[in-house]
Amino acid sequence: MLALIPLLPFGGFLVNAFLGKRLPKSVSGGLATLMMVLSFAIALMQVLALAGMPAESRQINQTLFTWLTAGDFSLDLALRLDALSAVMILVVTGIGSLIHLYSTSYMHEETDAEFARFFSYLNLFCFFMLMLVLGANFLVMFVGWEGVGLCSYLLIGYYYEKKSASDAANKAFIVNRVGDFAFILGTLLTVVTFNSLDFNTIAMAVKAMPEEAAFGTLSLITLLLFIGATGKSAQIPLYVWLPDAMEGPTPVSALIHAATMVTAGVYMIGRNAMLFEHAPMTLHIVAIIGAATALFAGTIGLVQNDIKRVLAYSTVSQLGYMFLAMGVGAYGAGIFHLYTHAFFKACLFLGSGAVIHALHGEQDIRNMGGLKKYIPVTYWTFVIASVAIAGVPLLSGFFSKDEILFETFLEGHQVLWGIGILTSLLTATYMFRLVHLTFHGEERFHGAPAGAETAAAGAHHAAHGHDAHAHDTHHDHGHGHGKPHDAPWPMAAALIVLAVGSIVAGYVNIPHALGGHAGLHEWLTPVFNVTNCGEVSTTGELAGMMLEPCTPVEERNPEEHAGLELTLMLVSSLIAIAGIGLATYLWLKHREIPARLAAQYPGVHRLLLNKYYVDEVYDATIVQPIKVVSTEGLWRGFDVKVVDGAVNGAGYLVSGFSIVLRLLQNGSVKTYAASIFAGAVAVLAYYLWR
Amino acid sequence: MATDALLFYSFAAVTVIGSLMVVTQKNPVYSVLSLIASFFGLAGLYVVLEAPFVAVAQIIIYAGAIMVLFLFTVMLLNAPREDAAEWDRSHPLYRPMAVRIGAALAVLLALELGWALSRATDLGGAVNAVENPTISSVTLLGEVLFTRYMFAFEVTSILIIAAMVGAVVLARKREE
Amino acid sequence: MPLGHYLVLSGLLFAIGTAGVFLRRNLITLLLSVEIMLNAVNLAFVAFGRVQGTVDGQIITFFVMTVAAAEAAVGLALVIALFRHRESLNPEAFTSLKW
Amino acid sequence: MISGFIDLMTSPMTIAYMVIVGIVFGGLQIMAAVMVYAERKVAAFMQQRVGPYRVGPQGLLQPVADILKLFFKEELRPKAADAFLFSLAPIISVTAAYLAFAPIPFGAPTDFFGLLPEKIAIQVADVNVAILVIFAVASMGVYGIVLAGWASNSKYSLLGGLRSSAQMISYELAYGMALATVVMMAGSLSLREIVDAQQGYWFGFIPQWYIFPQLIGFFVFACAGIAETNRAPFDFPEAEQELVAGYHTEYSSMRFAMFFMAEYINMVTVSAVATNLYLGGWHGPFIPPEYGWIWFVIKLAILLFIYLWLRWTLPRFRYDQLMAFGWKVLLPLATINLLLTAAGVLYFGGY
């Protein structure tokens, strides 16, 4: 049953991949969506079954077959559903279903074959993502890990005829390889250290170990795994691929590069919480990297003009939040934010997709504005999601973000908390900059009422202009340059569901300070704190055989810090509202101020606009040296001289010998007979003189 | 005994002279016929060796089938004379050095064989010293052939099929 | 008759065959010489078998005959094929490894 | 020594052997002559003619006239012919023909009404591998034809020789297989033992001849035998319409006569072998075993008549039909027959 959850999308993939060319769009898209919905339904059933189990032994295991055996080391292709993966599969299948639905409308301009290709990739991605989250050991997880990377590559490069798209795909793939390499090393080190790859076994083994004070094996393993996570989840220093990944179709950005795949790193850390818990040095690094990424990406997001890029940097920033949470040991909070973020970020991306759709491929926010009255559904859902991400109270983002900040503060990381708050301000600001520039103010888009075109729109098309999504301009055909139209029903439905989700998703985990009982936290606690009590849980009668009681490592009295928590909540709420206000002031009321500021500090502005020149720095420090070494050293030096030399040398050697051997192999039967004759004489001689 | 020796020497003479003529005749037809004569001599020797079945088989298979095939080919090609063109004369194998080496090898082989024979001790005994009344029995031959040599027999049948197919393929006229 | 006589006869035949292979320039005669060599071996086999008092020598002779038949069939087919190409039966006319 | 030799030569047994050899040798020549006459008469009969009737009563002396004519004709030899082989070829032919008859018995062992101290077999040589010897010697006959064809240095002759060799090689296989089935049933290679195995009757009246269980074998043997002797409808080596006279186009006089004789002697040999293998040899009802050779001669005569009958009845095959018939009909038939016989022998617990 558990295996069915990933296998259904896989079936969809097979059908679309091999028969897709001959299927009409309604069939291929419908099939793909149906598979995801079925998968979601099964996931829901499984999670409900899981919820019916006692909290300490919430696990469903399924071993498909023994994958490999080497000596005493054996590895199963096993799936495991526990509290943590339950959250993940619901997010993946649920949001995945919505995005599939959305895509059937968004991609309908494609030809049948291309359409089927898109959905086959999408289904394949879901399969791998589900394998990743359901895998019971590192190897299964790694299969998913690599698989989602592959699908990400395929989908970013979906418009492979476009150079920028294929470049972006290559970049994503290569940068991910760096992280994956570290991940493999970490995995191998795990095998060496624990002689197992099963998460449960490892966690139990780690539990018996003392916390590492110095940098030891555990720290190395976790650090390597974390490097893998920075690659997959776009953290410093390997975040550079994510903004470029926006070359893919917008639903892809929503599904892969916002809601699911990029959170794999966070999930991985949560999955190995016990391991990371015993490597405090790595945890510190995780927290610092997370906080730095959050701030760093937030500042870049403040000045970007491409609607999707703003959202991409926002994603990087929010992922930073999650890592911050993981780093300070607030695993539940991190996962919680992952979960809420999936809703509002997917909603934002899909909303931006709807905007792009409405404007026939326009992505530059300087060429938008005043769209509110043309596309109300998109507008309202977008605003709801923006409010949620900004952290306005009573929406989902508020609960999760607030919990992270509170935990950070509580763990004693006041500096990181400060960065978090700053980032929170930035988040609110750049999100509402986006909202205002897109939906409010004067209309600056093509085909807008005459005279609305402003000078601001004239000074456009910076480095990454609006044609980054050139394919979408194909929408022009048949639509003409009429008024922007709102999303068709499949898109609208997805948007509305996600918007509702953005509002209510947080209510599963209302903190104690607000009179709730932190349901999600409670749900997840056994995963992070307890290891050995789930081992035998698949068979109910064995649940009593627990080795030790599943108690949290440290009990925290929820009431103890209620006051502090409330105070911090107030602060962050105010910050959020201040950010919204600032944005409204700067980009709606007094639009000349940002320009003046930019003019006043041209260096800073250019720095931000060019994303701190990170790409250029990487290019200069890594790409170019590698190119030089490859060209001059490996190609002209090693390959031409050594490899070709060896090959040619072998050839010369053979032909040299052949000149000699040719004398024997002269084709003359008699010469052969003569050699046989000589051989006979020799053999006879040997036997006689022996 | 005298009869034995007489038979042996006469058959041996036929065989050797026949073989020599095979090698010395210029005309391949005569070579083939000489070889047939030589085979008859051998068949006689086989009879002396109390192997009548082998003798008859020698006639049927060698003289009756293989040699007919040779004769057939000779007549079909109708190119009996040897050609010893200039390129053939200048062949490396006919250089004085090669000839000398070849001669040396032949002498060496002869010496080796002579020495081997001189060292062998039991060559003097009569070949039919062992009394075995069934040695010329075709029945026994068949029994041994189809029991102890079963595998070799089967393998030989495969060889025959392969040869047959090969010959057909080779001799077939290309359809070009 | 002593075994030695048969062996000498066999060796003599073998030598004649070998000489034929080396001295003649006609593929058919070459094949005939090879047949002489095979028969020399056959004679030795039968003679040894008679000395042993078993039929094994004769049986091996049959196998040799079978192989000789196969060899003749394929060999002559080759000769015909080669002759079609070069209008010659001199083995040195076919020294190129492909044409 | 000399006296011993004389003793040996004058002993009744030796004389009996000599007599038998003489009878066979002379008999075969007479048979050839008779066959020539018979052929002409039968042909005439079938074509509603009279045939030879001038020389002697009813033309009975016609063969003598023929022989005399051949004796006194000029020996012709083409200039470019290979003299030695041209002369050798007919000798090979006729020698092989005579030799092939040597191991054939044509009567039960007898002491000639008490003239001899012990019984002797009525045959030239009682060899224990008789069938194989016949087979071997018969296969030598082909050399006569092939060499005649080649040595004549004539296109027609050469073609006739080539055809002959191809035909005989092809049909020898079926011939041998048919022989093998009989050998399998009798469990012996000796013709005398094979004939003796056909004594007695099934159900009291059907003679135990192998022709009855081996009808297919007999058919194959008959076809292959006719082909081996180059008789119509398989007379390709000398097909008049195509090759003038085939391999003996260039022959005349006694050399031609030798080929002529060889052909008829071969017919007799094949018929005799067939009689022995399939028709119970000298065994038969009514006639006492001492006079078994009478049965033998009767059966032989019938078979020889069938030979002539076929020649004047059936048209010649086309050459490719001949090959196809040999390889695609007779050989598979003979193989199947061999397998069936083997199964039967195993089942009925024969040899």
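Letters A, B, C and D name the chains as they come in the text, with residue numbers starting at 1 for each one.
The rule is simple: a residue touches a chain if its C-beta (ideal position, glycine included) is under 8 Å from a C-beta of that chain, and two chains touch if they have at least 3 such contacts.
The structure presented is a predicted model; accordingly, all values stated were derived computationally and were not measured.
Remark: the per-chain Cα centre closest to the mean position of all protein Cα atoms belongs to C.
Averaging C-alpha coordinates per chain places the centre of chain B 30 Å away from that of chain D. Centroid to centroid, with C-alpha atoms defining each point, chain A and chain D lie 98 Å apart. Between chain B and chain C the centroid-to-centroid distance comes to 5 Å (mean Cα coordinates, whole Å). Contact with two or more other chains is made by residues 666, 668, 670, 674, 677 of chain A.
Along chain B, residues 53, 57, 65, 69, 76, 91, 102, 113 each make contact with two or more other chains.
Across the assembly, chain D contributes no residue in contact with two or more other chains. Counting only pairs that meet the touch rule, the chains in contact are A-B, A-C, B-C, B-D.
By the touch rule above, chain C contacts chain B in their complex via residues 1-9, 11-13, 15-17, 19-20, 22-26, 28-29, 31-33, 35-36, 39, 42-43, 46-47, 49-59, 61-63, 65-74, 76-81, 83, 87-90, 92-93.
Residues 91-93, 98, 102, 105, 108-109, 112-113, 115-116, 119 of chain B are the ones touching chain A in the complex. By the touch criterion given at the top, residues 665-670, 673-674, 677 of chain A touch chain C in their complex. By the touch rule above, chain B contacts chain D in their complex via residues 29, 33, 36, 52-53, 56-57, 59-60, 63-65, 68-69, 71-72, 75-76, 78, 136, 138. Contacts from chain A toward chain B in the complex involve residues 666, 668, 670-671, 674, 677-678, 680-681, 684-685, 688.
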